[in-house]
Amino acid sequence: MAKELWKGNEAIAEAAIKAGCRYFFGYPITPQNEIPEYMSLRLPQEGGVFLQAESEVAAINMVYGGAGSGARVMTSSSSPGISLKAEGISYIAGAELPCVIVNIVRGGPGLGGIQPAQSDYYQATKGGGHGDYRLIVIAPSSVQEAVDLTQEAFDMADQYRIPVMIMGDGMIGQMMEPVEFKPVAKRVLPEKTWATTGTGGKRKPNVINSLFIDPQECENHNIKLFKKYDEITANETRVENYNVEGAEIVFVAYGTTARIVKNAINTLAKEGIKAGMIRPITLWPFPTAAVEAAADQASVKAFLTVEMSMGQMIDDVKIAANGKKPVHFYGRTGGMIPTPAAIVEHAKKVLGGAK
Amino acid sequence: MAKELWKGNEAIAEAAIKAGCRYFFGYPITPQNEIPEYMSLRLPQEGGVFLQAESEVAAINMVYGGAGSGARVMTSSSSPGISLKAEGISYIAGAELPCVIVNIVRGGPGLGGIQPAQSDYYQATKGGGHGDYRLIVIAPSSVQEAVDLTQEAFDMADQYRIPVMIMGDGMIGQMMEPVEFKPVAKRVLPEKTWATTGTGGKRKPNVINSLFIDPQECENHNIKLFKKYDEITANETRVENYNVEGAEIVFVAYGTTARIVKNAINTLAKEGIKAGMIRPITLWPFPTAAVEAAADQASVKAFLTVEMSMGQMIDDVKIAANGKKPVHFYGRTGGMIPTPAAIVEHAKKVLGGAK
Amino acid sequence: MAVVFDKTKGLTDKPFHYCPGCTHGIIHRLVAEVLEELDLVDNAIGVAPVGCAVFCYDYFNCDMHEAAHGRAPAVASGVKRVHPDKTVFTYQGDGDLASIGAAEIIHSAMRGEKFTTIFVNNAIYGMTGGQMAPTTLVGQKATTAPLGRDENHAGMPLRVSEMLATIPKAVFVERVSVHDVKHINQAKKAIKKAFQTQMEGKGFSIVEVLSTCPTNWGKTPVESLKWLQENMMPYFPLGNFRTPEEEK
Amino acid sequence: MAVVFDKTKGLTDKPFHYCPGCTHGIIHRLVAEVLEELDLVDNAIGVAPVGCAVFCYDYFNCDMHEAAHGRAPAVASGVKRVHPDKTVFTYQGDGDLASIGAAEIIHSAMRGEKFTTIFVNNAIYGMTGGQMAPTTLVGQKATTAPLGRDENHAGMPLRVSEMLATIPKAVFVERVSVHDVKHINQAKKAIKKAFQTQMEGKGFSIVEVLSTCPTNWGKTPVESLKWLQENMMPYFPLGNFRTPEEEK
Amino acid sequence: MAGRVIFDENKCKGCELCTTVCPVKIVVMDKERINVKGYHPATVKEMDKCTACSSCAKICPDVVIKVERL
Amino acid sequence: MAGRVIFDENKCKGCELCTTVCPVKIVVMDKERINVKGYHPATVKEMDKCTACSSCAKICPDVVIKVERL
Amino acid sequence: MTHEIIMAGFGGQGVMAMGKILAEAALKEGKNVSWLPSYGPEMRGGTANCNVIVSDEPVGAPVVSEATAALILNRPSLDKFEGDVIPGGVLIINSSLIDQKASRDDIKVYYVPANDIANELGNGRIANMVMLGAYLEASGAAKQDTIMEIITEIFSGKKASVIPVNKEALVRGAACIK
Amino acid sequence: MTHEIIMAGFGGQGVMAMGKILAEAALKEGKNVSWLPSYGPEMRGGTANCNVIVSDEPVGAPVVSEATAALILNRPSLDKFEGDVIPGGVLIINSSLIDQKASRDDIKVYYVPANDIANELGNGRIANMVMLGAYLEASGAAKQDTIMEIITEIFSGKKASVIPVNKEALVRGAACIK
């Protein structure tokens, strides 16, 4: 199939449909409106259901109902809307329901702005909601990658009974790029014997639930969840290493920012400075090992984390670097987008200082 | 004044009233119901208003309205309710409104349980809501401290125009301890010239707002917020060091857990093992310097973070320890409470392994 | 010898956790009996609230979801859209449905979601210990209205059935009570009608059941039935507000 | 020479950002004129929604809050409880008020909060680009209802005024339109009455104003006025639903 | 129309609701005994008067009572 | 009752609403000119016919029009 | 000296009040104290329990996992808490409602027919005070007189008539310890 | 070779469509491309702009901060974007609506009376195609023929009648570059 130009949001929606998603529950918010709009047209054509919820709170709870009923379900929103879903996401994680949640991040806090940002990293990876739980958080840096990973996200969700978040900034959602829809590698997926489909008189009732009133049971449930999280960390951590070998400075950046950093790396190369990048593709599980390896690499003098935020992922970089190499930060926020030139300049400053 | 036995929740409510809080907006949830209940009786007696909101979402937005109008305002909830407030808290942080939010944490995720927990550390300190923002997060470990810090919280909130969260576990809320209400040190507080009180025809309209549609303005606003956060970090970080000097092992624990750890430290002392504890009183700003100092201390072989969670504060401990000393973890979660004996045992294991 | 009354197969064997004399138990039984009588137990998917009835997922003998507080209608919408051929119901208290979940119930009604809601109005937050509900009567004491609900401060109780009856796709709306055997029989009829309405695909159906909370009302179970009749019924008049027949 | 019409001091000098012919501007002016005529500008605290009117905090010449989407009534409740002597109002769209904020408006009404709500019903989500609102008419196209709203899928439009009129403390409820000068005059009268009701401390007051969205309706401004009259008015009949007089 | 009622006694919570609806007033609380839950259970003293009307069973919130027609 | 209307022309968005309500039909769009916003502004051609009825001003969503009675 | 006490019974048996009274009295005697209730849905008609700590030192953890004493008012609580008493600790069993015997022999066990005594005294609701009286005698955690001061404060005014019977309950309870 | 283009004008001037057509054409020619719109409330009646990148290399950042070319259809956009063009870059100004001149002399500036030409061609809405024609001529970012293939695809079926006038617009625009 020839590549076609697709807008990020619509490509994500189509990818979901290709992955067998047949139910979408959402509420409009810029800059992700093309997802529900596309779904409202396409899902009925595929025998699925698009339902506009009365709010993000309702939407995520519809997802709970739909996912608990055994279907492949998706919702999407942007930052303030994701905040409203926090309780529901915690419930979904607690009840171990598979689903895909898209966050096309915009500037914050509060109403903030509607331009691209990455300031929801904390919210996505450390739990916007209460309690001990994790989502798989995937941060594509191109529309093609968004398409590939959205398709895989549904499989991951089903394999581990976990909500998967696709996190992109406004650029990923709004830009058009060439895309090819490719089938994803088949996984062996467990049957959804736990789903509520009516007992049919053939089995005991299934209950979708996150309540464990006995604290020992509640703890056991948490421990079970974390065993699963360990397994996911072992199996599903994704990272792109770009020119890390021999690099003096290693950038850590994800999503669209990583593309801007690549431009900066090329400029630095022209000036004779060897720079590389670790691009986390999964923000959770975070590619700790990749950062550790780079920290142990003799050529590396420093890390420079670049984010469209005031500095959030840098925490995970620091934990992984574990004091072996200094970790610096450059960021723009509130919808401002870093330029390659500014990144180059900051890298030089770091290297000057790192000597 | 002689000490009187007070239940934690009621003591927090009375402390708020003593601090001049006259408006409370909340919604019932275990284990913090005594706060709204107490307020519903006491506030009208003080000429204030208790209003039961239709939901946590409404409650936090009432707080937004009340705080923006210049009043001292409080709300309280427990874990799932705090998740629902995430959007509103982000708005309040963005609009720089002073208020006090109490979270009496219970086990999670989802509906979880109602027994004491500390698994909302991430949510409180890394932003449950979207965007770049911070709350001051205070974690008292006794009812007396809850009373003292609640009173001060209102001053902090007003001084910096920031929401302050009092985070306690179910034990802090439910237990009774002797309490003395003492006046807090007076701070010079700025006048609330920004509040909406009606212009009276005497000034330009005031607008309470977190929207900055121009990304450069939105970024500037974020930078302004973070300058403030730096100032708070410099001025308001609180920590208790207990027996850290000469300690072989340094525990890091907060809230009720810290009291359990103290028991363990005493037991260890009897067995000839020198153990100390860093007890963060402010979870944000986190007492990084205290951990750094301990990491630099020759006697210290390891840190052992003890939490009623699967391990959340440990991230901040690791960042502060910066690889200088290993950071270990012991936790119970879901409403289970660690015993001193288990902590002692774990500490010995760590020291065995740390040699 | 004939058994004229026995526990329905719509219920599991697990004993209820409710306080002595709490009429939640009666309402559970009626719902379960209706499911059995309509042969829907194997086909049903219920949604439990957060409230005293939170554990009803252990009592109804069918597939169940435990929803977040107030969100049962959203959860049920998700379930029903995935399984349009199944029987879906929510069981919700007045704090759950009329307070935190007001938007969800209204919008499920607006969309004409084809599920049935059993709305247990006991004029109080039972589970959390007797706080004021939107349905708490004027003058009635609650732990967050220690001097009784003051209409100038907290307004007047919300009449949910009357409100929902303004919504076109809320095709079956009836308020019933369970304070005596006659009313229990009527309540069961309404619940049956509601489920039938759902199965005929006509739209959203709801039965509001006036119920007691002896514990938080501070009354004996027997006194509570009387209090319900004398105080709740005048403000929350029983009756049918919408029925699909009138649509024709 | 006498000035018979000039910009009210209730508005600032900032030009509106609305699309050409969008009647949000008319409604703004009416509210501002009423504030001026009742001498309330210096005394008023308004609450802006999230929706096309988000920037109305820059237009109304009084203290303002920008509320989270749908939560203006909660914010206004907070403001009014702190300043019971001030004039408080919310200005909200139909997505804001009738969809995400349904619980907040109902409960403010239930509590009888003494503020005034200006509810701009344009049957669409304007700001986000024309998605379906709870008030979108059956058959009307929207970006999330590309074939038109299907009542079997998405139900029928919510009649907010009729619904709120079932709530005792919603003491003033009226639906008006601004599609011609006569109706604009009537709309202003209703808005004035609503603010007077508030100032007399009688309870919650709301004016639902039918409004256009030429951009997302895909019509010229002039066509839009006609479409409003011919399509919206039959389903959303104008009139007063509650007025404090009837209380006596 | 003689009937018989059977109490699943350990499920009884002693709420007394059943005692208020029996048309022949034969359902009473057994103040002598305490069941495993700690309550005085309901019982029937003169079973032969029972009409099998099921009223007691219908109002019992805990599904304690089974009714048979003899 | 002669009147005069004054347009704050650069605020006009060319929506044409004012042209539909003038009882004497003197409000028209000026297709010749474009204002700073990029719109053809509304204008009045035969001002002497104006009755100062304010209809145009009342329907104008952008508060462009001021009306005077002469 | 540190007393770490578990008190447990059915909701409505006055377990919580008993714990609070002890804590209040110990506070009055200048001790460090804490009182921690169990909470949750089981409170309504189910079981209820609380932890009280009375100590010369500042109180560490308010949770009692190694109890110096347990006051057990109903059967389910015996099963639940017997194991939490430290060797040499005190276990007081309300023998009016619990026919079972303690299974341990490394602790001091007392059987107090608290409900029977309370009924004898004409007030079924003061079984808790009988238990408390026994505990005070067995442990010395607070003085009976201080307890009576607290009770007198609580029942000041109209309810003062019940003060004497509380005193009697304490005395009768104490008499069960020998 | 990498073309980084800013296109800007009023909403309704077809700025977004122009960008997409260029991107589609370049993709067809085997280039790497990206198209990034501005978005937000200002789209409705306000200004609209997009960034297009056409490159032989994989596209890095989709944002254009250092433009090789800017196509400016209205006055406010000139003020906003003139400074973003790199020295030696191309600035094409719609002189029908913009009477102002460019202020820089280190770039190649072309004045194209796009609306006038479009009106001459009898279709006021194809001013964007006139601008695009000019740009293609000035930059070679894509071939006119490929652009016409895309336009033909877009206007297949009922609207096919407008294809020829689009072609003319491209040609007339190209003619403005000399």
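Each chain gets a letter, A, B, C, D, E, F, G and H, in the order it is written, and its residues are counted from 1.
Keep in mind that, in the parts below, a contact is a pair of C-beta atoms (placed from the backbone, for glycine too) under 8 Å apart; a residue touches a chain by one contact, two chains touch by 3 or more.
Everything numeric in this text was worked out from a predicted model, so none of it was measured.
Enquirer: Would you mind checking the shortest number of contact hops between subunit C and subunit H?
Expert: Tracing touching chains, the least step count from subunit C to subunit H comes to 2.
Enquirer: Between A-D and D-F, which chain pair is linked by more C-beta pairs in contact?
Expert: Pair with more contacting C-beta pairs, A-D versus D-F: D-F.
Enquirer: Suppose chain centres are the mean of their C-alpha atoms. Which chain sits farthest from subunit A?
Expert: Farthest chain from subunit A, going by C-alpha centroids: E.
Enquirer: Can you check how far apart subunit F and subunit H are, centre to centre, with Cα atoms defining each centre and the answer in Å?
Expert: Taking the average C-alpha coordinate of subunit F and of subunit H, the gap between them is 36 Å.
Enquirer: Would you kindly tell me how far, in whole Å, the mean C-alpha position of subunit G lies from that of subunit A?
Expert: Computed from C-alpha means, the inter-chain centre distance equals 54 Å.
Enquirer: Find the geometric centre of each of subunit B and subunit F from their Cα atoms only, then give the gap between the two centres in Å, rounded to an integer.
Expert: 60
Enquirer: Mark out which residues of subunit D touch at least two other chains, giving numbers and ranges.
Expert: 19-20, 54, 66, 68, 99-100, 102-103, 106-107, 111, 127, 134, 153-154
Enquirer: Would you pick out the residues of subunit B that each touch at least 2 other chains?
Expert: 30, 51, 54-55, 57, 80, 87, 91, 95, 110-111, 114-115, 209-211, 213, in rising order.
Enquirer: Hey, what residues on subunit E touch two or more of the other chains?
Expert: 13
Enquirer: Across the complex, what residues on subunit A touch subunit H?
Expert: For subunit A paired with subunit H, touching residues are 3, 5, 30-31, 114-115, 170-171, 174-178, 256, 259-260, 262-263, 266, 337, 339-341.
Enquirer: Which subunit E residues qualify as touching subunit C in the complex?
Expert: Answer in residue numbers: 3, 11, 13-17, 20-21, 39, 52, 54-55, 57-63, 65-70.
Enquirer: Hey, which residues of subunit D end up touching subunit B in the complex?
Expert: It comes out as residues 12, 41-45, 47, 54, 57-58, 60-68, 71, 74-83, 86-87, 103-104, 106-107, 111.
Enquirer: Can you list the subunit C residues touching subunit B in their complex?
Expert: That would be residues 50, 54, 66, 68-70, 95, 99-100, 102, 125, 127-129, 131-132, 134, 143-146, 153-154 of subunit C.
Enquirer: Can you list the residues on subunit C that touch subunit D in the complex?
Expert: Going through subunit C, the ones touching subunit D are 99-103, 106-107, 109-112, 134, 151-156, 158-159, 162-163, 166-169.
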